[in-house]
Amino acid sequence: MKKLDAFLLILLIIFSFFALFPIYWTVITALKVNSEIFTIPPVFFPTKITFSNFYTPGTTFGEVSQTAFGSFPWLINSTIIALASSLIGTFVIGAPAAYALTRYLKNVWFARLILFMMMIPEAAFIIPFYVIITKLNMINTWWGLILVYISFTAPLSTWLLMGFFSDIPKSVEEAASIDGLSAFSTFYKIALPMVIPGIMVSIILNFINAWNEFIYALVLTYTPFPTGAQTVPLYLTDFIVIEKSFAWGGLAAAGVIVMLPSIILGIYAQKYLVKGWTMGAVKE
Amino acid sequence: MDNGGSEGIMSEVIVENVTKKFGNFVALDNVNLTIKPKEFFVLLGPSGSGKTTLLRLIAGLEDITEGSIYIGGKKVNDVPPKDRNVAMVFQNYALYPHFNVFDNIALTLKVRGYSKDAIKSRVSEIAKILHIEDILNKKPRELSGGQQQRVALARALVREPSVFLLDEPLSNLDAKLRVEARSFLRSLQKEVGVTTVFVTHDQSEAMALATTIAVLDKGIIKQVGDPYELYTKPKDIFTAGFIGSPAMNMIPGKLVKDGSSWRFVSEDFSVQLINTEFENEYDVILGIRPEHITLVKDDGINAKINNVEPMGAVTYLDIQVGSVELTVQYTGLIKLEAGMEIKVKFVEEKMLFYDRKTEKLLNI
Amino acid sequence: MNRNQVIKIGLVFAAPLIIYFLIFFIYPIYLLFKYSFTSASGAFSFINFENMIRDPILYDSLINTLYYFIGSVAVQFSAGFIAAVILNSYTGRLKNAFRSILYIPLTISPIVIALMWLIIFNPTYGPVDYMLDMNLNWLGSMNLAMPTIILANAWEYIPFVFLIIYAGLQSVPKQYYEAASIDGMSRFQTFRYITLPSIRPIMIIAFLLNSIGILQGFTLVYVLTNGGPGFSTYILSFYIYKVAFTYFNLNYASALSLLFLVIIGIYVYAILKLSSVEKYLGIKK
């Protein structure tokens, strides 16, 4: 047993190395001085740590610049759009729809519909969404992206929460209906508070997905805050395209800023993720 | 809406020709019942008998396929649960996990627009009756099974419902607590005086609690009566076998006219009947409870002891009479062993005869 | 409550979803159909579909997509599965720590992953070539570009397969293993006859969800290779984007989008039909 564990431990360490090395490299690149970034052989343990890739005096907002601090206007857009599309997807659409599908409209076709909505590849919808958002006069606006992002936040929320709602005993809601609550107050006073873990996962996963989204933002936005709704992934692409091979330090620093919130939120939600994804087919 | 306490409490429940189908499955088949005000009415049956479905129909949680239900003289077929002024205790208690005990009990009053002071006094009043004053601030998950059950009772009784419905509320308690809860429930019901419908599959629970019992099987009401009646004169084989523990002994045989008197003849023995009269000769099943078989010195039926089970106050004997095995209850302890030969006698006035075709009781 | 009331209340709860669905799913599909059957002059026409048949880039894209898809599924599923089995067999104290570590890449934005790969796989200053003691131009070579994209994509999604299968392994009741050891089964036999059948439903769910995720791939190609070198990393999603927003041929791009939807539709329908995944998910009895 001990021998086997030692062997497995080695394998796990190798796996962990592969999982962590790119992150480690990005973080140290963000903290390196240029002379240690562009050198052969590469420096694995930086001798000098600098924060100048994140911020140097004179950095202006709203420009793709050498330092990550310039990404602030994109970060504002990302935060607002990810929050709004996550919350709307969870509370306005996902939760009531999941409740309806587990309690009132138990039909395999409704569940298939949700699956279908989740499966649609973003690239297949860029044209119609571009046309619709143009018609609504919402190109390069928060609402334009929010409305489009709901196309993935809402089905995911519905999917996740169906598993959580079907887990709560029906008798609690029946007790509420005898106690005098209407179907709607039963939903938001009784059922909803009972799936708070599910709501949290839904909000977090939606936020991460919206925060990380790229192709719709690429097509539907073209300037950062305050004139437009470009999100932070586009800051990174601009950075890559404009500053190609010049400012890895600033690029990596911006990458660190972008990945930090989603890693933190992701680890927080980890406990309930699998149950959510598999609609409760696996309970942890 | 809520029509206040005292008037509601006198409510009578009438179930009239009620049929409930789930798809093609008939859960209840033309059921008729009258539940009198203040009665402790028990619906008793094995699982799948339709007893819980009937309770849910009275509560309004399921809709009726055919027939009508009246509560307090008013037809309630289309009245939603909240407007029937019924209260229900669920098998799993169904407490609101995110509310504390006080809010669990108070919710129904809040919804019905009671003032803050009224809510406070009603809740503390019912909490006192149920001895849960100390736990009003706790969440359901912090409570023991017995406490949860009391909270569920409190929640149901706080607004003085006209009908009080309980769906196997004791089945989640351990054996000792269950017996305690039984007597508590019985006295509570007397104190509050509310019409109560109680569902259980446990016949001893039914006997202990009920003023009236309805026995259900496969969606059909088999018999309605008080516990005494059901125990002494079960009208059909199902009820006879379902009520009583250990179960009634069933012996197939024939009723034969023997001159001026009647005689029960089985494969292995026959019994002369002195005081019992019948219209015809029948193929029958003789039902006799274990306590109505007595041990005799001589002039009895020959039997061999298979097993002895001394319980203390009584002793159960499994005896073999020809091809049938019977259970005998002997009051007190007796020194007998498996393999011994004995003689037994049936108490004639306690012998019940069921027509083998109709499965109905023939005794008058 | 009778059936009609139940449906009525259900529809009220689902109303926001239904309205959104009509505007942002049904209407888009209608638009795709409309544009697909429109010629450059605006007339109804099959020209876009006729053009598909004669489009060599489409053939390249389809073959690349298949390559990308099969490669990704193979790498992600096998690596995720192996990692899950290893962690599940490991009895040390760091179990939960390893689980978290192996899960982290999943939360990272594809765009950040693209950035990482650019830096790490840089032929001059990148650590990978240095560690391998080779000088490979990963993203600039016809043969290596697609495998590099598959690898970068796998880095993100192996954790997805890993996490679900690991949870499935953890949920196998311990008594099964105890019974197996009493019956004298070997490690391998236990795995073959107890573990694998127990987690079959979960593996199928993981497979379905994972392949949906893989089909979303676009960002890595856009940032890392921009389809190149040549057309070697053109995948269908990228080609749709190119046709629509570089060549501004919305009609042809719509036809390609429809084609994409049909392919995915057939694929998912086949999975649903061939496996009992709907039953496992509890959406069908």
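Order of writing sets the labels: A, B and C. Residues in every chain begin at 1.
We adopt the following convention: contacts are C-beta pairs under 8 Å (C-beta built on N, C-alpha and C of every residue); 3 or more make two chains touch, one makes a residue touch a chain.
The model shown is predicted, which means the values in this text are computed figures rather than measured ones.
Novice: Which chain is most remote from chain A in terms of Cα centres?
Specialist: Farthest from chain A by mean C-alpha position: B.
Novice: When A-C is set beside A-B, which has more C-beta pairs in contact?
Specialist: Answer by contact count: A-C.
Novice: Take the average of all CA coordinates in chain A, do the same for chain B, and state the distance between these two points in whole angstrom.
Specialist: From the centre of chain A to the centre of chain B is 57 Å.
Novice: Could you put a whole-Å number on the gap between the CA centroids of chain A and chain C?
Specialist: So the centre of chain A lies 16 Å away from the centre of chain C.
Novice: Going by the contact rule already set, what residues in chain B reach two or more other chains?
Specialist: 80
Novice: Contact residues on chain A for chain C in the complex?
Specialist: Residues 1, 4-5, 8-9, 11-12, 15-16, 18-23, 25-26, 29, 37-42, 44, 92-94, 96-97, 99-101, 103-105, 108, 110-113, 115-132, 147-148, 150-151, 154, 158, 162-163, 166, 183, 187, 208, 211-212, 214-215, 218-219, 233, 236-237, 240, 248, 251-252, 255, 258-259, 262-263, 265-267, 270, 273-275, 277-284 of chain A touch chain C in their complex.
Novice: Which bits of chain B are touching chain A when the two form their complex?
Specialist: So the residues of chain B touching chain A come out as 59-61, 80-82, 86-88, 90-92, 94-98, 107-108, 111-112, 155.
Novice: Where on chain C does chain A make contact in their complex?
Specialist: Contacts found on chain C: 6-7, 9-17, 20-21, 23-25, 27-29, 31-32, 35, 83, 86-87, 89-92, 94, 98-120, 124-127, 130, 155, 159, 163-164, 167-168, 170-171, 201-202, 205-206, 209, 212, 215-216, 218-219, 222-223, 236-238, 240-241, 244-245, 250, 253-254, 257-258, 260-261, 264, 268, 272, 278, 280-284.
Novice: Going by the contact rule set out above, which residues of chain A touch chain B in the complex?
Specialist: On the chain A side, the touching residues are 169, 171-172, 174-182, 185, 189-190, 193-194, 196.
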